[in-house]
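A single structure is presented below for examination.
Letters A, B and C name the chains as they come in the text, with residue numbers starting at 1 for each one.
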Amino acid sequence: MKKAKLTDSEYLVKTGKILRTKQMTKLEKYFEIALPGGENLEHEPGQFVMVSVPGVGEAPISISSSPTKRGSFELVVRKAGKVTGVLHTLETSDTVGIRGPFGKGFPTQILEGNDLIFVAGGLGIVPLRSLINFVIDNRRDFGKVDILLGCKTPQDMLFGEEVDEWSKRLDVNFSCTVDRADPEWKGNVGLITSLIPGVTLDPERTFGVVVGPPIMYKFVIIELLKKNIPERQILVSLERHMKCGVGKCGHCQIQNYYCCKDGPVFTYDQIKDKKEAL
Amino acid sequence: MKPRVAFFDFTCCEGCQLQMANFGEALLDILNLVDVVTFREVMSERSEDYDIAIIEGSITTDHDVERVKKIREKAKVVIAYGSCATIGGINGMKNKFDLEEIKKYVYKDGAKHFSTIPTRAVHQVIKVDYFINNCPVYPPEVIKVLKAALQGIPYEVPDYAVCVECKLNENICMYDKGITCLGPVTKAGCNSWCINNGNICYGCRGMVSNPAKNGQMDILQKYKIPLDWVVNKVDMYNKPRELEEEKPKK
Amino acid sequence: MRYLLLKKANFDDFISSLAQIEKVVAPVSRGYNSFSFAEVKSGKEITLKYIPTVLPPKKYFMPQREKLTEFNKAENSVEAILEYEKMVIFGVHTCDLAGIQCLNIVFSDKPKDINYLVRKNKLVIIGLECNDYCDQYASCKVVDNHLPNGGYDLFFTELDDSFIVHVNTGLGEEIVEKTRLFIPNDQEHLNKLEAIRARKREIFKEEVNVKHKDLVTLFNDKAFESKVWEDLDKRCVACGNCTAVCPTCYCFDILDNINLDLNTGDRTRRWDSCQTEPFAKVAGGENFRKTRGMRQRHRYFRKFRYPAERYSRYFCTGCGRCTRTCMAKISLKETVNALAAEQKYKK
C-alpha cells in the first residue's frame, strides 16, 4: 500500500482558534472562531461549516454571523451527540478543525430591494441571524423588514441582548412570542403562526424566510401562503444528517437533492412536492 | 495521573478477562495509559481506589446486587464487559425455569444454602457508561471502547444487524448453506467474527433494538425454520432481555 | 484501438506473467455458486464462467475503509492523504464496467473527490464478456449493459480456443507489450465476435415489462406513494445486504480513529447503508426515513430516478446482486413489474 499527501482534498481542515465562548443555555454554547492569519471565511448567510475535534469526529454547524463581520465568525452549538458534547467542553484559545463553508445559503442578490419577513422558531434563529445581521448591516439595500421570533420559554431565547437591539430599531418591525411565559415576560404568548396574520405586506415584493424545527415549517408556510406570498419567494433552511458536506456521502439526501450541496436553503417551490422534505 | 482501572467478576467464566490478558502488544500500550489496580486473573494486589470499573459477569444473587452497587458508588466510569455483563448471557437460561426447582436440580440437598434471583445484566441493576458486548469480548472493540472511555466520549454499539458487516466480509450467507444463523437479529460490532471463521452467529451481542418482526417471520417460513426453535437459540444468550422494564431510572 | 488474439492455452501464462509485474485480482470461486474478486497468481485460480461476485469490483475503487486525513494533536497538524495500490482487475463483466462508470461520474462531480480520482487511474481494468445470461436475477438488457460500452483497458471475449481481445487504451497496449503472448487476429475471429454479439442481441430481452427509456417515468411522484413500498416495508429486514453488494451504491460514513497513544490518529470513511435505521437520523433524534419501506423506496429511486435526472443515467447496472443476496427475497425485477402493473403501464 502506497501513501501520498494530498494538498487539494476536500477533507483537509483549517485550524480554527476559539476567540470567545459563552454558555447561552444549558444546551447551547456560543463560539467566536478565527481562521489562521485572520483569513475571512467568506461565507454566504445560511451556509454551514463542518467543525471537528481530532479523534472525536466532525459535525455540521450553521454559521450564525453575517459575512459583514470580518476576521472571525460565530457558531452556536447544541449539545446533542458525541462531537457537540466535546465541543461544549472547549474554551477560549482551544482549536477546532474547520471545513467549508458549504451549501447554498440565502440568495442575497435575489433578495436585494425586496421586502423581507423573517420567521425563526427555536434554534432557527442561529442560521437566520446570519441573514438578519447581513440585512441590518446593508439596511438600505432591502425594503420593509419584519422579524418574527418564537421559542418555548423566555429562558430559551438566544442572543437576548442582540434581539433587544433589533426590537428597538426603527428600521425593522419586530415581534416575538413564547409557548410558555414567566411573570417578567411582556411579549406575546402562543405559537409563532399567530404572529403572521398581523403583518401587513405586499406579497409581490415580499420574501418569507423561515427557519425552525421540522414541525414548524408546515404551519408557518400555510400562513405565508394565505398572505399570497408566491411559493418561490418562501425560503426555508433544512436540517439533515451530514457527513461529507460535499454532496457525496448520501446521508442528507432529500429525494434528488443533497441538502448539503443543493441546500440547506431551498425555496418552498423546490421542495413542496418532495415527500420527505418537510 | 493515569486513571486507575479495576476488574471485577460476577457470574461468568472469566474468559473475557482472560481475553484481555491475551492482548499481547496492545496490552502494553494500554498499560501506558492506565494503572491496573485490581485484576484477579493476572495479579495478586488489589485496591479499593479506582476510577474505571470493568465488570464481567451477570448479576444472579442479592449479594451480587449489593456488591455491584458499591462498585458503582466508587467508580467514575463503569464498563460492562462481555455478554454476561451486557445482556445477561448464558447465565440467563435459568430465567426460563422456576428458580427454586432449578436450584434443587443443580445443588440437590445443598440448595438451602444458596440464594438466587433471576439473572440480570449489569445495566439492569446499576447505570452503565460503556458496553463491551460479545462472548468472549472482541479485542478490536475492547480497544475502541477503552479509547472512548479515556477520551471521555460515548461509544455506541452499532444498532444494526451482524449481516451488514458479514456481507462486507463477502461471507456466504449461512441461510444459503442451509444453516440457521442469528446474524439478522443480532447487533453488529464484532465484524462478523464467528461467521468469518465458519461458525454461525449465536446472538451473543444482544438483539437489535428494532428487529423486523414481519420480515424475520417470512424468512423463517421460507427456510422452514420453526419459530420456537429460533426463540430457543436467541434465549441462549438473551433471556434476561425480558427484564428490561426493571431498568433503573437514573 | 485494435483487436488481438490470446490463445486459451496461453491464458495461464498470461495471468502468471501479469502477476509478476503487478498485483492481479480476478473472480475466484468461494463454493455454493459464490464468487469474489481476490488476488490470483495464475490463471488456474480464476473462474471464467462466473455469476456476479458477492461484492463488485467497487471495493478496489472505493475501499470499504479509506483514510482521508491523519492528525497529530500535540503538533496540532492535519494532513490529507491517499492510500492506494496499483492493481490489474481481470474479468470485469459489462454490468460491473457500467458500475465503475457510475462511480466515476459521482466522484468527478464537483467538488471532485481527489482520493477516488487518483486511485482509479492506478487500476487497470480488463473486461470479460458474458456470452450468455449469468442467471435469472440479471436484468442487464433493460439497462443496456449486456454489451460492452467502454470503461476498460482490455476486453476479452471467449471464442472457441482463444480470446479475442479489444485493446482500448495505452495502458492496455502496455500489458500487451509486457506479456508478449498476444497474436494478431484474422477476419474470421472478428466474424465470430460479431456472431456472438448478434446472438446476444437475440437472447437478451428486456427483463422487465418496461422499456429502457420509460424506467425513469415509472418512478414518478405517484410511484412514491405506491403500495409496493408498503409490501417491502413488511418484508425488508434492513440487513443492508442490497446496498453492500450494489456496484453503484457509494454512501459512506466518516469516522475518527485515535491511536493508543491518544495523540495521533486518522479520519476514515467507510461504506455505509441507507437501509440501516440511523442513516438519516439527525442528532436531535428526528429520522427522515423511519421505516424500512421508506428506505427501500429511497434505494429504488436512487437507482432509477434521481441519477437519471442528475446524470442522465440509471444507477442500476442490471447485475442482479441485490436480488440474489436479499434474505427476504425482495426482487428488483418484481418490484419494477409491480410498479408497472400498478400504473397500468403498457410497453
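By our rule, a residue touches a chain if its C-beta (ideal position, glycine included) is under 8 Å from a C-beta of that chain, and two chains touch if they have at least 3 such contacts.
From a predicted model like this one, the values you see are computed outputs, not experimental measurements.
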Chain of greatest Cα-centre distance to subunit A: B
Chain pair bearing the highest count of C-beta contacts: A-C
Gap in Å, rounded to a whole number, between the CA centres of subunit C and subunit B: 38
Chain centre separation (subunit A, subunit C; CA means) in Å: 39
Chain centre separation in whole Å, for subunit B relative to subunit A (CA means): 43
Where subunit C touches two or more other chains at once, by residue number: 258, 262
Multi-partner residues of subunit A (each touching 2 or more other chains): 55-56
Residues of subunit B touching at least two other chains: 151
Subunit C residues touching subunit B - in the complex, by the definition given at the top: 30-32, 34, 36, 53-55, 64, 234-241, 244-245, 258, 260-262, 271, 273, 276-278, 292, 325, 327-329
Touching residues (chain side subunit B, partner subunit C) in the complex: 26, 29-30, 32-33, 143, 147, 150-151, 159-161, 163-164, 167-168, 170, 172-173, 175-177, 183-184, 210-212, 214-216, 218-219, 222
In the complex, subunit A residues that touch subunit C: 1-13, 15, 52-59, 78, 80-81, 84, 95, 97, 214, 239-241, 243-244, 246-251, 253-256, 273, 275-276
Interface residues, subunit B side, partner subunit A - complex: 151-154
Touching residues on subunit C, where the partner in the complex is subunit A: 68-69, 71, 73, 76, 78-86, 106-107, 109, 111-115, 118, 221, 224-225, 250-258, 262, 265, 267, 269, 272, 274, 279-284, 286, 288-289, 294, 298, 301-302, 305-306, 309-310
